[in-house]
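Can you read through this structure? Questions will come right after.
Going in written order, the chains are labelled A, B, C and D, and every chain counts its residues from 1.
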Amino acid sequence: MSSPEVGNQDLCLSLYRMMVRIRLFEEQVGKLAAAGQVPGLTHLSTGQEAVAAGVCAVLRPQDYLFSGHRAHGHTLAKGSPVTAVLAEILGRETGLCRGRGGSMHLVDAARGMLGATGVVGGNIPLALGAAWAAQVRGEDRLAVVFFGDGASGNGVFHESLNLASLWRLPVLFVCENNGVAEFTQREEHSRVAFTSEFAKPYDIPVRVVDGNDVLAVYTAAQALVHWVRQAGGPAYLECQTYRLSGHYVGDAQAYRDKAELAAWRERDPLLRLQRQLLAQGVPAAELTAQAEAERQALAQALELARTAPPPAAAEASAYVYSCARETPTCP
Amino acid sequence: METSYTEALRRALDEELARDPAVVILGEDVAAGGAFGVTRGLAERYGVERVRNTPISEAAITGLAVGAAVAGLRPVLEVMFIDFITLAMDNLVNQAAKYRYMSGGQLSVPLVVRTQAGAAGGAAAQHSQSLEAWLMHVPGLLVVTPSSPCEAYGLLKAAIRQDDPVVFIEHKRLYSKREDLPASEWVAPLGQARVVRAGVDATVVTYGGMTPLVVDAAARAAAEAGIDAEVIDLRSLVPLDVDTVVQSLQRTHRLLVVHEAVQNGGVGAEVAARVAEVAFDELDAPILRVGAAFTPIPFAPELERAVLPDEQRIVSALLRLVKEA
Amino acid sequence: METSYTEALRRALDEELARDPAVVILGEDVAAGGAFGVTRGLAERYGVERVRNTPISEAAITGLAVGAAVAGLRPVLEVMFIDFITLAMDNLVNQAAKYRYMSGGQLSVPLVVRTQAGAAGGAAAQHSQSLEAWLMHVPGLLVVTPSSPCEAYGLLKAAIRQDDPVVFIEHKRLYSKREDLPASEWVAPLGQARVVRAGVDATVVTYGGMTPLVVDAAARAAAEAGIDAEVIDLRSLVPLDVDTVVQSLQRTHRLLVVHEAVQNGGVGAEVAARVAEVAFDELDAPILRVGAAFTPIPFAPELERAVLPDEQRIVSALLRLVKEA
Amino acid sequence: MSSPEVGNQDLCLSLYRMMVRIRLFEEQVGKLAAAGQVPGLTHLSTGQEAVAAGVCAVLRPQDYLFSGHRAHGHTLAKGSPVTAVLAEILGRETGLCRGRGGSMHLVDAARGMLGATGVVGGNIPLALGAAWAAQVRGEDRLAVVFFGDGASGNGVFHESLNLASLWRLPVLFVCENNGVAEFTQREEHSRVAFTSEFAKPYDIPVRVVDGNDVLAVYTAAQALVHWVRQAGGPAYLECQTYRLSGHYVGDAQAYRDKAELAAWRERDPLLRLQRQLLAQGVPAAELTAQAEAERQALAQALELARTAPPPAAAEASAYVYSCARETPTCP
């Protein structure tokens, strides 16, 4: 590995820990969902942890984050507590969104996670808006938005590239290009393999990296975030990666190419970082201890989330409007 | 043999693809069967040119389908969730619905937009809406809401044969329902409501996904409170068969309208207003409506249940309608 | 001095821009005043950063405005014609309306979408619609429909101060109307209907662009047929002030609802259904509705006139309501 | 002029005649509209005639055409009779659309003009659909869609580029880049001056031409249409031009740069072709005669359109649905 960060062991260990956290989290959610304990459709980010961890590691707490339907990892990486995220996904009152939002609609405003949306591409202009707010107020803050390759099919993605470049908005576009959208390969969605090609006519700086190499992601994100902060304009990071899980928990994956899956398993981002760390001389026991700590934290979180109360039916219509429902002018 | 709603839809598509070479299917993942499996196997039979996968471009694929219809194809477009027609409203409302009119009758738009609505199992705020009232308010569109496998089969065939744009709204809770289909081909009449259960004490009007629930509620009201309700499935919202409702009302003199969409500004309002205008003197009690609370659909199942109409709320409304008024 | 509806809107924007640095304006050509001149001069006063031109990207600019609101600005977005919100419905309905709810109250969306509706002078099918019924059906949105210069002024200020997303629907026929504005600042109450004309024989409920026409029609019905109608301007559709309507009905016992949108599935249906449910016994006659024919708005003036509600149709409905029933 | 077509005098004369037709037509409509005799908003194509004439001259009658809010010239160039177009714009029963559509919604199905739309960009996917219909039926037919530079702001434009390239649809995109959208210059709409840049990532063949040079437009359109017919895929023609009229009739044009206007008047496409023809030795009298013939035809058309009956109010709700209104199943 030639990455300049590879020597920074603290950083590498913290990336490792976050990736383990996400991996374990998604595995746990997958099990719960398969057992029918998670409402709704659940999209796991297994195999794509390096993107969430690498990008979010270069952000400040006050930076804004937006994500889509596959948002668990991003939310954890931005700093949300495992318990509150898990409780939300299980639909508990103690969840991030009091059980109203769910897996596809995670929000943790205090940590800058301003929203995930289930409409593919729908999150992109929202991020521009948050970046605009920072710009108008003269704040040193940027907005990051994660989306998949499929989102480039939604016209609002292109409208947003134009606006971001035109208004020089401090926004980092992060495309997780896993080569698939639901059951259909990228080739059937576009003749353009890399979505970052669409950013180029706007003169938006672009980096394409191996999204399964967390240090490559980190390094590129750092450079682009630096650029965004300095230049005050948008940048685009495209991460080539692979979805090791199905589209959603329960997806029979008849469309899946077994050889391709096997090849990508070899490129598992977590195993890769593990190998690098061991090669650097980090003791195996250290890694095991870190993973074990995450495992225990997750078990605790699960216990808390599981036993947390569901939202009260009587409160089903709270939070629709900001005015108290007693106010006569309330709808 | 019992057939599921999903299979019934597939049979209709299959027969219409076989019958008319102008019929084509398009939508996200439809060649792989679509998100709900409705089109499974059709690409294998009719080719990926006639059962065509699209990018995630709801606006363009709807516009493309409109243009194709104008030029003589009969496209059946799948929009995975009705929540995403929000991305296609220009094409549907400004283009498809108005094409015939704006061209002074030169062109028509034989397009079916199959989509899927309703709440179930925590699909949450952006995958659970019931937006048929919007579409009903748009001159030029037809709006069809099949409530059972037979209806799905017969109405989809009817929709495909229409020369005007049809929004065909399936309900996610119905896909697994099963019943016997007619052995021979059947095209349902469009614009004719269907009496699902005969009764004399009250008329309950509903459509789409709520229909089985209303039938159950009527049975319970009969068993528990001796209320014998007539249940009418509207089948389509445009055309709206008010006559069948009024005829029923002339016998029952009491009307309840039930739908899953939020009550405020919903289809029930139009049905109630229309009936009250033409049959005011038949009414022995105020028309009641049961619809969802004025709330986005919550994720947690406890909340989802709380905002949606359920058997109990329908039975209670029937009791109020018949006993109290 | 008499002020036009356009100038009244501008005064509201001007005062709110001056009052609160979080208020920003965006939209197509707004720095040049916008298509209807409402924002004229504001870019010069507040800078092109706060009164910002956008590309023709209704979806992205609406989404951007939502994101800005979530992050603490109070954007006022101009969508040139309501017909083009068809391009922004995802952002408005799936994002803006549901944000507060889906986040469990963490975030709110203090956004105003100013748009412009209605038919006049042959603007034709894609520039003449009245789509407020769609928006009324969406939990989380507020819907405001100012009917005069004073109302435009006071309601726009109220809308900008709301913490929830407001769709603020101006009417193209009203921009040139003039009346005296209050000399000092006035924020209209949101959610309180307004009795525009007192009367005892019938209640006529309307809103927005139809209000002046209804007032004229009421005057004519009084002069020609001795019918003294009370006219209520709803002001906002969400919140909907049913109480004021019912109070009026307790005196008049007859109700007519008038709007420009097509009658089928329109706001009038909800008003009629709601009133009939809570005040059935007050009704001495069926509730009548007057709305546009179920037709896209035609281009030719003769046809435009034929499909829209006019004074004559309102007077006739009043006659029917009071004399025949 | 080095265009290979410059020697073809018949072609040049017929282009001249069409451009004169459009110019006179727009001037007449402008006068009528200023006098309050035209309902609605009227958008003239004065100064952009070379694009309509040059492109449509290479089309066959059965080729499909779509346009937007500035569609008079395109419709005439596709072959619609002046009388029926004018009658439509005046809202008469004898108009192309029986007075239901109007200036922004011209349709002449018999001549392949399948529709103009008033929603900027809304026409683009429609053209793809017509091209798809031709493809499915194996017909040797293409679809052409005219739109302005402003339309590239609408995401559906980008979605359509992707679809056209992916499905290899026989469609010719024609952008009339007049550098302005309503009252706002291109620079305020995008950092990308040429909309054809957006077609390039999709490998769609692109030509950018001087849109005020009808022979350049014709030559490029011919090459691209040939390519579309042969290759069965999309192509993109961008014409740099200028709107000599206001955005609509009555536009006060406070935003207009007077020097710019004067410079573009020098590049008036009609005067330019006229000069070329004279230089080629076409007698001035011939040109005058052609123009005079158009002038007379327009005067006749005006007389006919003006005296034509308006649509009957009783028929206001005809043509909404295809079923007869008597049918019980009709809404």
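What to note about this one:
The rule is short, and it goes like this: contacts are C-beta pairs under 8 Å (C-beta built on N, C-alpha and C of every residue); 3 or more make two chains touch, one makes a residue touch a chain.
The structure presented is a predicted model; accordingly, all values stated were derived computationally and were not measured.
Of the two chain pairs examined here, A-B and A-C, the one linked by more C-beta pairs in contact is A-C.
Farthest chain from subunit B, judged by C-alpha centroids: D. Mean C-alpha positions place subunit C and subunit D at a centre distance of 36 Å. Subunit D has its Cα centroid 40 Å from the Cα centroid of subunit B. The set of subunit B residues touching two or more other chains comprises 55, 57, 59-60, 83-84, 86-87, 90, 94, 101-102, 124-126, 139-140, 238, 240, 293-296, 298-299. Residue positions 97, 99-101, 105, 117, 119, 153-156, 159, 162, 166, 188-190, 320, 331 of subunit A are each in touch with at least two other chains.
Touching subunit C in their complex are the following residues of subunit A: 64, 66, 95-101, 105, 107-109, 114-115, 117, 119, 122, 124-134, 136-137, 143, 155-156, 159-160, 162-163, 166-167, 318-323, 328-331. Those residues of subunit B that touch subunit A in the complex are listed here as 28-29, 31-33, 35, 53, 55-60, 83-84, 86-87, 121-127, 293-296, 298-307. Subunit B meets subunit D in the complex at residues 24, 49-50, 52, 54-55, 57, 59-73, 75, 90-91, 94-95, 99-108, 139-140, 142, 162-164, 189-192, 238-240.
If you check the complex, the residues on subunit B that touch subunit C are 59, 83-84, 86-87, 89-90, 92-94, 97-98, 101-102, 124-126, 131, 133-134, 136-137, 139-140, 238, 240, 261-262, 264-270, 272-274, 276-278, 280, 283, 285-289, 293-296, 298-299. Those residues of subunit A lying in contact with subunit B across their complex are 38-41, 88, 91-92, 97, 99-105, 117-121, 150-151, 153-155, 181-184, 188-190, 254-255, 310-317, 320, 331.
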